[in-house]
Amino acid sequence: MRYLPLTPNDRRDMLAVIGAPSVDDLFRDVPAAAVLDRPVDLALHAGELEVERTIAAMAAKNRHSGALASFLGAGAYRHHIPASVDHLIQRSEFLTSYTPYQPEIAQGTLQYLFEFQTQVALLTGMEVANASMYDGSTACAEAVEMARRVTGRKRIILSGNLHPQYAEVVETLARLHDTDLVLNAPAPAGDEDLVPAIDKATACVVVQYPDVFGHVRDLAPIAQAAQAAGALLIVAVTEVVALGALIPPGAMGADIVVGEGQSIGVGLNYGGPYLGLFAARAKFVRQMPGRLCGETLDAEGKRGYVLTLSTREQHIRREKATSNICTNSGLCSLAFTIHLSLLGEAGLTRLAALNHARAVQLAEKLEGIKGVTLLTQGFFNEFTLKLDRDAAPVVEALVEAGVLGGVPGGRLFPLRHDCDDLLVVAATETNTDEEIDRFAAALTKVLA
Amino acid sequence: HEEGLIFEQGQAGRTGVDLPLPPAVRSRLGGLARKGEIGLPGLSEPQVVRHFVRLSRRNYAIDMGLYPLGSCTMKHNPRLNEKLARLPGFGDLHPMAPLSTTQGAVELIGTLAHWLKTLTGMPAVAMSPKAGAHGELCGLMAIRAAHEAAGEGATRKRVLVPESAHGTNPATAAYCGFNVDAIPATEDGRVDLGALKAKLGPDVAAIMLTNPNTCGLFERDIREIAEAIHSVGAYFYCDGANFNAIVGRVRPGDLGVDAMHINLHKTFSTPHGGGGPGSGPVVLSAALAPFAPLPWIVERDGGFELVEEPNERGDGAQSFGRMTAFHGQMGMYVRALAYMMSHGADGLAQAAADAVLAANYILASLGDVMTAPFEGPCMHEALFDDRFLKDTGVTTLDFAKAMIDEGYHPMTMYFPLVVHGAMLIEPTESESKESLDEFIAVMRRLAQAAKAGEVDRFAGAPFYAPRRRLDETAAARKPVLRWTPPAVAKAAE
Amino acid sequence: MRYLPLTPNDRRDMLAVIGAPSVDDLFRDVPAAAVLDRPVDLALHAGELEVERTIAAMAAKNRHSGALASFLGAGAYRHHIPASVDHLIQRSEFLTSYTPYQPEIAQGTLQYLFEFQTQVALLTGMEVANASMYDGSTACAEAVEMARRVTGRKRIILSGNLHPQYAEVVETLARLHDTDLVLNAPAPAGDEDLVPAIDKATACVVVQYPDVFGHVRDLAPIAQAAQAAGALLIVAVTEVVALGALIPPGAMGADIVVGEGQSIGVGLNYGGPYLGLFAARAKFVRQMPGRLCGETLDAEGKRGYVLTLSTREQHIRREKATSNICTNSGLCSLAFTIHLSLLGEAGLTRLAALNHARAVQLAEKLEGIKGVTLLTQGFFNEFTLKLDRDAAPVVEALVEAGVLGGVPGGRLFPLRHDCDDLLVVAATETNTDEEIDRFAAALTKVLA
Amino acid sequence: HEEGLIFEQGQAGRTGVDLPLPPAVRSRLGGLARKGEIGLPGLSEPQVVRHFVRLSRRNYAIDMGLYPLGSCTMKHNPRLNEKLARLPGFGDLHPMAPLSTTQGAVELIGTLAHWLKTLTGMPAVAMSPKAGAHGELCGLMAIRAAHEAAGEGATRKRVLVPESAHGTNPATAAYCGFNVDAIPATEDGRVDLGALKAKLGPDVAAIMLTNPNTCGLFERDIREIAEAIHSVGAYFYCDGANFNAIVGRVRPGDLGVDAMHINLHKTFSTPHGGGGPGSGPVVLSAALAPFAPLPWIVERDGGFELVEEPNERGDGAQSFGRMTAFHGQMGMYVRALAYMMSHGADGLAQAAADAVLAANYILASLGDVMTAPFEGPCMHEALFDDRFLKDTGVTTLDFAKAMIDEGYHPMTMYFPLVVHGAMLIEPTESESKESLDEFIAVMRRLAQAAKAGEVDRFAGAPFYAPRRRLDETAAARKPVLRWTPPAVAKAAE
């Protein structure tokens, strides 16, 4: 078998050195009844050609975003990723290395993590960032846990316009503790006021920016109210490209900013692996979850990088750790770092402007269609339409016309039905004029 | 050449991407357009490519040589898996696309789930956990939910964890709101069954046990442990980090396990990537299955369905919730399934056999120059302690760093905690005998050098690495966690 | 622009150091009338997304072999290439390095060239091989030129079953010299006898093995006749996988073996880049064209590799060189070396057996079809059918049924019409049972 | 670790591929089934991957640093081009597939041809040559065919080639059956127009001239040279190796060129790949176009046709033949077109300007410590001679090898032949100013060290490379060109 270098001769010689009669003998500590006497009931080994055929056949059953005109967002965005990103992350030295616990031979990984942390801090307008979390939703839940640790309080206020699957993840974890969770109802029109709910028992307020319906809002009033009450403002960003065009949460007073980094460098991947961003005020650094890379010097005085503050982490602190996260999204953070290095200031701001312009063009096309009301007035690259009917079958009909026309409200909020007529639509630099026209024409036809 | 940070190479106005000018539109940013600069550096594509190529060359990797990290299972990462994960049908698939357009993706997840269940002999699997630790959390949350459903949520607060456990185990139990109670080890490196039984009671929620354990040994009393745990109404969580040693040969379901996470990035070789991404599906017993997190894969009518929310058929009604947005680590699923199908039932069992054989070969070959704390064969990792370094002035750390100068990554050291100066070596099934022999020869030479008093060679090591030993204390004392423009940094002083 | 690192500031500063007022001033030696005062009439620079869209649209207009059931051969063969091959050849250190003229920092390239030369020598059964030529056809023409040099004679005998495009290349170059070229007529039935034509004026006989119609023949009689006359036997192999199943030309007395290495590691690429193999008897080594890599020691006595015998080459010998070849197929030879290393003895022989079995299965299916006669009795993975009509329209009709059903004789020999009813058909390990059945069914239908 | 040859790592029966058992069939190999073993080694996939990763790390590459090889144009290789060349529509396309199924491929070749013709101002292009030298051959064969068509094939046997020409030029002329007649250079590094004119006559077939020339200088008298050549009925072949200096700014067609090859792997950045593959299309004047080799691309009715053989429309009737099977270097065409479209007309002109600017910057910055043989600005490469090393005991070779220890690939040396101890430095447009400044600083330090008498540092260089200087004389004296099994090698002794 192609992956197994030992030959029958090797195995025989090695057993002789060990002094064991057989490999089975090495398994002698396993209760005999539990040792299988034949292979499990699964296919036997197969060559590349056969494996590729089988799995490619599954892939071919999917209608991927590039094959249709895609306007899907709601937490995952299709952007063009330069070819060099995927080339570089596949270099053996990055792809097949372990967590950089031996810094002398892991400076490659460590230096990009330091660059990544800096990039995330700059983008979010925060002082420090960690070396990644699993994804935006788990980063959001970790932020809530951190706010609980920092404040010692148990009231958690979630905006109704936080991505509902993020809210579910927060809720699921919050149930582990004595928590007073306040989850607002969704406000598709963008008229939610969070300030009144904030009180002295509040650990944190969690707001998405832009929110799940695409609205952008000034976070400063919420930040001021939270901080006046001794609570933290957590801002979740699901479309990080927006930070190339919008005032960063840090500049409006956020205490913790979490985000989904998938838009930059990572790709859609049917939901994972993705890249959790986590940034905070410097004063909270010892309460942060996840790995941190720091600068230091080596024995010859040369600048180098190490994982640091590991006394927060599970492998040192065990049950006293700030989270249980161990493996994170290393390679995705590399993809992010490379893509963002390619973009740079000029590229990211142009990319953001282009996304916004595409979305504006699309909104202007769609809002004129009979049966369509545009709910989102201030937005980045995503907005919400109210249709004159249930959106889910409309989306299915649009697929027939070659358009992935957005995420229906009922997909996001399946257990409530007041969102069923909503359609959340995103546009990015990958959408052409022709695609926008195709969408508008198809939607007009479907709603006619 | 010393490679500076990207921030030190930037120039305003330069970029590594060409984007068209945005069409002129009326801005609708709600008055929140960014005002100042972000502060990102401007680099061209050639600079970026060279920067990261140069950085990469400062790393060690499994593609460069043996990576004897015990418990981490650094094995060969086939490129076929990378290729398949990048098929547009998977890589360019949106998680919120209509399910009618993602049937192949659901089929793949379902097929992988079938393989995992069959290999473990367990009836259910929760696919969405993002890594091993996340899987542990998933398992404990299912256990907690089961106890709650039985009305015992408030009383069952204690989780038993052996002293030798991975750090994630106590961290997870604590994160999940449990109290951690350590179980001591026996002289022969296994859980002390008597001590364990003495700790049992109606307040115990679960035991978290790694098997093969972190000493590289199989817990002989595993079935007695499971029985004892079950006898007080608690559940048996098995840390699956070491599943590589037994896959295809022993099914955890036959050992009495109630929940076990599987590190796809270990046993099934999705690349570690310098620290992730991983993937940690959790197989569950029938007792725990109803509490698994959503989304679920359901086999029905010969096909697979994705259940994202509790439905009218009752799927997910008792689910403890959702652990992550979307459907988990699809990209890792593709890689893991390709790996499994390539090996097949026969190849996976052979891989486990070869991994165990290789570890025992190292244990036997180094037994006369290094010291092993326990008798008998090991499973897929060989554990040594630092007795052979006694009075040499060389520490486990020094010894490990000297391996770097010989062209190797150090082994796992100072873990498990129950062994003094532990050195845990996991060669995996990916190494040829020639490679193992070369490694053994180097380790022998190093052990002999340490005994011969060549302390400098160890104390100063590594000498031939991109960096000498780094000052970790200084890094932690006054953390510098990001680059700051020199002017700003200076003003801040 | 993404590929150009100099900024306007850099350019200004650099001009100041140079002491030139402008870049135009640096072009002052160009006759003023020849300096363009505006960009040429071509599109302006474009981003990755735009370039990818345009070029991918062209690719999408092709119906590639993987999209249909392909049975095309005639000098280019579709084989499965392991994913690791393409991954490894794309490593920066291989892909973006130059010819290894500085051996101290090119041992990577040099060592694999040494391995490549050894592999080629082993496969062909010859003593030495060079470090690659452009492709099989040019290697063949170079072999003829070499035979002329070695023998000092001018008669060149080409088998009529040599790939006609190879023959054309040989002829084209031969016309540069005083040559007596004998090109036999094609013998689709495999009954060509080359021995009688060999005389004392003959420099070489060129035979393909297996030949363009798929026939395999014992080369020993031709070798003996050639050597008796003081001529060289040149054997051309267009399907190198065949050497995993057949007696190698070297064992039958070939003096020079040339080949197309595309089947192993390289892929179809619509005809290029391909990989010319060139092997010969050791006594001819100083007459060989192309680069050679040799083993030596460095100043510390360590084994290393260098380009050697460069006194044959143009950069040293100029007009006295053994050929004008400079850039060769370096990266393709790497792909070949990796793929063949993966295969090894066990893999290549199994691959060859699998190819032969597939071809036998296909031949057995097709030869029973009405209107079809199988002309090739001894073959490897390719054979020729005689149809009851012109083959070209049959092939077009097969495309409609999803089958690339072979190369029509008229495509190979367009200027003669006695081959128009021939169809050259190949099968490889990539063809499934279903594809073979599909082909048989479609051909039955088309010929009905 | 010293990485052995694959043959030294092999074991019988091991393989790195899994293939199904062939179905049982009656063998039809015509009695020629192989009998003995081939002798190939058996390795597993992990071994093969690691072997080639390790080998790669012994190479220098443009992705690692500046590669100042004059005349070789080692510039940035965009990965977009690699990606596009691998699209199945190109990579998996058979050259003998029905033309109805390859229309996109023909369109791509035609589009690239259009770009090449437009950039050179020439009416035709032969696409199939496989590399620069093959392109030279193509050009000279077209010239020869044109003379033959004019009844002068037997009399025009002389080709003029400057002393400073690339070695391929005289080799090509000789290969093509011409006699090579060298033209001397002037004091200022250019063709001696007077000497050239003195050599003209009715037996001259062509001149082969590189412009910008191999001294990095533009031939000021280029139009007079063309006129003089044409006045005796001969053709002007331009070696296009240095087209990078002028692309988008000067069209060879405007200079009187009749034929010029274009190294797609230089000017248009298809990667050098450690020695190839390249691609060398040849643009042709109207006089030479009818003689171009087949296959041809013809623009007709707004589309492109591929002409593989002379056809009834008269296409190819005068073609001198075929230079290679199939259609040339398709994979390189895709890469080159992607590169051209990415730059566009504006970007290519800017690239040429930046390349020339960078070379002049190096020339100006090193002028005080190294010696330049010629006055005035250079084009895209800076030429130095070894006068600055006089009496230091350091040779050009030593100096070049010392650059390796500083992390650079050596420059081109001892070429062009007309300059003593030549050092030809081509930075290309891919280098940032920071990179150029770092290189300049290193070169200054080296020049100063040489003058300061630090001979050992040079004579022994490189010290910090995978190998010290290799014994090339021994390699050539008794060539070892392949591995031989130790037993066989020993028996042969």
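Worth a mention:
Labels A, B, C and D are assigned to the chains in the order they are written; within every chain, residues are numbered from 1.
By definition in this document, contacts are C-beta pairs under 8 Å (C-beta built on N, C-alpha and C of every residue); 3 or more make two chains touch, one makes a residue touch a chain.
In UniProt terms, the chains line up like this: A, C = Probable glycine dehydrogenase (decarboxylating) subunit 1.
Values in this document were obtained by computation on a predicted structure and should not be read as measured data.
Two chain pairs, A-B and B-C, are compared here, and A-B has more C-beta pairs in contact (counted per touch definition above).
Chain geometry summary: the mean Cα position of chain B and that of chain D are 48 Å apart. One simple way to say how far apart two chains are is to compare their mean CA positions; for chain A and chain B this gives 19 Å. Taking each chain's centre as the mean of its C-alpha atoms, chain B lies 46 Å from chain C. Contact with two or more other chains is made by residues 12-20, 43-47, 49, 53, 57, 61, 63-64, 76, 78-80, 82-83, 342, 430-432, 435 of chain D. Looking at chain C, residues 1-5, 7, 10, 45-48, 50, 52, 82-84, 86-87, 90-92, 342, 429 sit in touch with two or more other chains. If each chain is drawn as a node and touching chains are joined, the picture has every node linked to every other. For chain B in complex with chain C, the touching residues are 11-20, 43-47, 49, 53, 78-80, 82-83.
Residues 1-5, 7-10, 45-48, 50, 82-84, 86-87, 92 of chain A touch chain D in their complex. Considering their complex, residues 2, 48-49, 52, 80, 82-83, 87, 90-92, 342, 429-430 of chain C touch chain A.
The touching residues of chain B, counted against chain D in their complex, run 1, 9, 18, 44-47, 49-50, 53-54, 57, 61, 63-65, 76, 78-79, 342, 407, 430-432, 434-435, 438.
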